[in-house]
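Both complexes below contain chain A, partnered by chain B and then by chain C.
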Partner chain A sequence: MRPFNTVAAELRKATTLPAVWAGIAVALFGSAAITLINAFSTRAALDAGHPEARAFTSPFETAFAAMPLGTVGAVVIGVVIFSSEYTAHSVEVGGGRQITATLAAIPHRHTVLAAKATVTILLVVILAAITMPVTVGIARLVIGSAGAETVPLDDAVERCLGGAVYWALTGLIALAITVLTRSGIIPLIVLIVSNSLVSVSLLLTNLTPLAHWLPDMAGRRLFGGLHTVEGGLDALPGALVMTGWAILLLTIAAVVLRRRDA
Partner chain B sequence: MIQIDGLSKRHGSRTVLSDVSFHALPGRVTGFLGPNGAGKSSTLRILLGLDRPTAGSALIGGRPYPSLRTPLRTVGSMLDGSGAHRSRTARGHLGWVARSNGIPKHRVGYVLEQVGLAGAARTRVGRFSLGMGQRLGLAAALLGEPEALVLDEPVNGLDPEGIRWIRTLLRGHTDAGGTVLLSSHLMSEVAAIADDLVVISGGQVVAAGPVAHVTAGYATLEDAFFGLTGGPGAGEER
Partner chain C sequence: MNLVRIGNVIAAELDKLRTLPAATLTALGTILTGILLAAALAAADQHVEATATTVTLRSVPFVQVGFVLLGILPMAHEYTGRQIRVTLSAIPRRSILLAGKITATALTLVLTAAVTGAASTAAAALTLRSLGAFREMTADDLWHLAGTTCYLTLIGLISHAAAVLVRHLIPALVSVLGLILILSPLLAGLTEHARWLPDRAAAQVYDPHDTMLTAGTGLLVALAWIVLIAATGATRFIRRDP
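Entry: the complex of A and B
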């Protein structure tokens, strides 16, 4: 009864938090907007008879180019689900933080962390189940019959599932790191920049092949169809390595959360 | 009953609590009194399982707080105001708190009415005044109809009407056999509410017992407070 009540309470907390909805909006509307822009460019190139001007003309690939924004959404969800516990009120109204109320209600800290991880996975998977069909649908609608779909359906489904797993694992890693930092600012900046603008791990692969074992590099083949960077781990071993990172970081987070004063 | 036994807490080389022991009995309001920084909040945080003691134990009904399955049905507490995230509404905050302990939904509306916040149920907590935050914290404490109430500085930010209201509320709770432990740094306010006093200073209990017993020998309540806690004017009146 207690785990169920805790998950239900944490789900309610997450869905009544505006920052969680901001993360969902970035992932859903952001990737829809980027897909729209890319799809119109592809359509224009095709109509002009210059398909070689685009890296790909497949609607599915066009939609999948927007996947990093979903990763950003997963980061935001994972971070704010925990950092919101430590948002302090101003001193004039007591300076309290929600973590006090949370641990008074659910003193078993591992139950709290497990519930937050469950809610993170749940929200990210629902987000993926909406975002991916929507973006692929937009790309198909805009490009239409002009661009041939080169990605077979079973491939597309597999890559969507892989992408959802990548998002969920990223959300869990973001959650675990935020447990350690307590503030959301540093994990948000580092993880968003790394997942959207410059991948620190990708740069590190120039220095050492070991960087291919960092979580985001290890898991990147879950999206499939990536030919930009050679080397590194294949999809399945990469997914296992990324899962290993998530489990390791959550375990460290659980130990720290249990030992420290709230 | 709340039992604190030999509680010690150190942060590095700094001693926050040293060998703190006292009981809070059912049917009585126990006032936990001391100047700011004396160790009141540290004691209550350990009692509620938020901080870990270096030594000693804190039990509620013979059990440590973290071992309670649905703690809010046994102990209602308030530390540092409401503990509600500022972007949530009062009703939203109490909603998840109730859900976490399997407390029926109708209790949310009931306690909001009880603390006088029914009209602000859909207001975001970030727009609350200190007094409203205290009332919301009390609402959360009362949610699970607990036997014991543990309240840190509950009268902070309340107007005189609010203080009178909380006194009636707590009296009703102890008349029904409940236990109340409340902290304060204001002697006059605590003396008006409490049956028993525990006075703490510099992390040590310096006096404990019924109010009349603890304040005996001092001309005023204020003199007693400063006399016991070693503040300004200590030892002049005795």
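Entry: the complex of A and C
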């Protein structure tokens, strides 16, 4: 019963944080808006009879181009679930930090971290379960029958699941780094940069093939399709490597959280 | 009288920035990142006719992240504790305070951008020379370097304007980074109108490649964005409770 109560408490805390809802809104509405623009220009190219002007005309690929915004949402959720614990309250209410109340209520620190990790996974998976069907639905509605769906259904489901796993693992890595830094600045910068086109790990692959084993490069084939760069790990081994990174960072976070003053 | 006053405000704000560990660390970290990236890029690009300038230009999309943070911190740190109340007690005229803060931030940004550009170019030149791939630089290269200084300052000012508007660090950081690193490349692949986004327009200053905007008009578009965002933020800052 105890672990369940802890998860319920952490879930309540997370869903009452405005920043978590902002992260969800970025992922959901941001992806939906990008998909709308993308789908309308695909539709226009198809109607004008120039499908070759677009990189792809399949509704699924059109929707999946917006996936990086979902990753930003997952990063924000992972970061603020822990960084909010360390934000100082206003002076009028004593200027304390949430973490002292949290640890007074649940003195077993590993339980706190495990509950927060569970909540992160839960929120990100729910976010993925809403965002992905919504964006694919928007793309299908706008493009309609004009563009042939070139991605078979089982492939699409597989890539959605892969994308959700990538988001969840990124959220966990964000959570672990936030525990170590106690502030959201570094994890936000590192993870948003590494999921953008100016990714440092992508740059490092030019210098050494070892960079393909960094978490974001290892996991990128989970999305399948267009976002791939030559070389590197396949989807399954890549997912395992990324999971390994998440577990490693969470373990370090657990040890540090346990041994350090709050 | 007023001139002396705003001079004092700028001096006070510069003092605050100098003694804010996060700001100093960000500036130093950005310069160091620029040096390391330039050396790494020079090593990766040595066979493709790279000069120290082309290498520095390639490192700009990475080091701009440091300028985003450096632009946000001067405003966001006021709201992490009760600093803003002390600041407003000392300088009750909010418009003067804001003008001083923006000027101090701009000065810091220009200085950091110039040092980053010079240090990155020096690091790239040294790396290329040690690899035996060094090419002489021309007067054009100096203009490109001035352009990167200008671009990095503009990115910092856009971030500062966003921070004036939303006040807190995490929302400002996420929205600016999301705009320049995720949204703007995504939209650029979808529609040509993405050229009007602040970072795309500002990029014309150091890398003019657009069919419509030039370095000058790009600069104007970026400045218009900064004024628009900062004016909205300033109205809020002046009229509302801190």
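Keep in mind that, in the parts below, the second predicted complex is superposed on the first by the 253 of 262 C-alpha atoms of A that agree within 3 Å, B and C clash if a C-alpha of one lies under 4 Å from a C-alpha of the other, contacts with A are read in each partner's own complex, and residues count from 1 in each chain.
To be clear about the criterion, contacts are C-beta pairs under 8 Å (C-beta built on N, C-alpha and C of every residue); 3 or more make two chains touch, one makes a residue touch a chain.
Quick caveat, the model's predicted, so the values are computed rather than measured.
Engineer: Between chain B (first) and chain C (second), which does A:His50 come into contact with in this model arrangement: first, second, both, or neither?
Structural biologist: neither
Engineer: Examine A:Leu17 and indicate which partner it touches, taking first as chain B and second as chain C; both and neither are also allowed.
Structural biologist: first
Engineer: Quick one: is A:His110 in contact with chain B, with chain C, with both, or with neither? Answer first, second, both or neither.
Structural biologist: neither
Engineer: What is the contact status of A:Asp261 with respect to chain B (first) and chain C (second): first, second, both, or neither?
Structural biologist: So A:Asp261 only meets chain B here.
Engineer: Given the touch rule stated above, what does A:Leu188 touch, chain B (first), chain C (second), both, or neither?
Structural biologist: In the superposition, A:Leu188 contacts chain C only.
Engineer: Could you tell me which stretches of chain A are touched by chain B in one complex and by chain C in the other?
Structural biologist: Dual-contact residues (chain A): 19, 87.
Engineer: Spell out the part of chain A that touches chain B in their complex, as residue ranges.
Structural biologist: These residues of chain A touch chain B: 1-2, 5-6, 8-10, 12-13, 16-19, 84, 87, 89, 92-108, 259, 261-262.
Engineer: Touching chain A in the complex: which residues of chain C?
Structural biologist: That would be residues 22, 37, 40-41, 43-44, 61-62, 65, 69, 80-82, 169-171, 173-174, 177-178, 181-183, 185-187, 189-191 of chain C.
Engineer: Can you name the residues of chain B that touch chain A in the complex?
Structural biologist: Residue positions touching the partner: 45, 48-52, 65-66, 68-72, 77, 79-89, 92-93, 95-97, 99-102, 126, 128-130, 133-134, 137, 140, 156-157.
Engineer: State the interface residues of chain A toward chain C in the complex, per the touch definition above.
Structural biologist: These residues of chain A touch chain C: 19, 22-23, 26, 30, 34, 37-38, 41, 55, 65-66, 68-69, 72, 76, 79-80, 83, 87-88, 91, 184-185, 188-189, 192-193, 195-198, 200, 203-204, 206-207.
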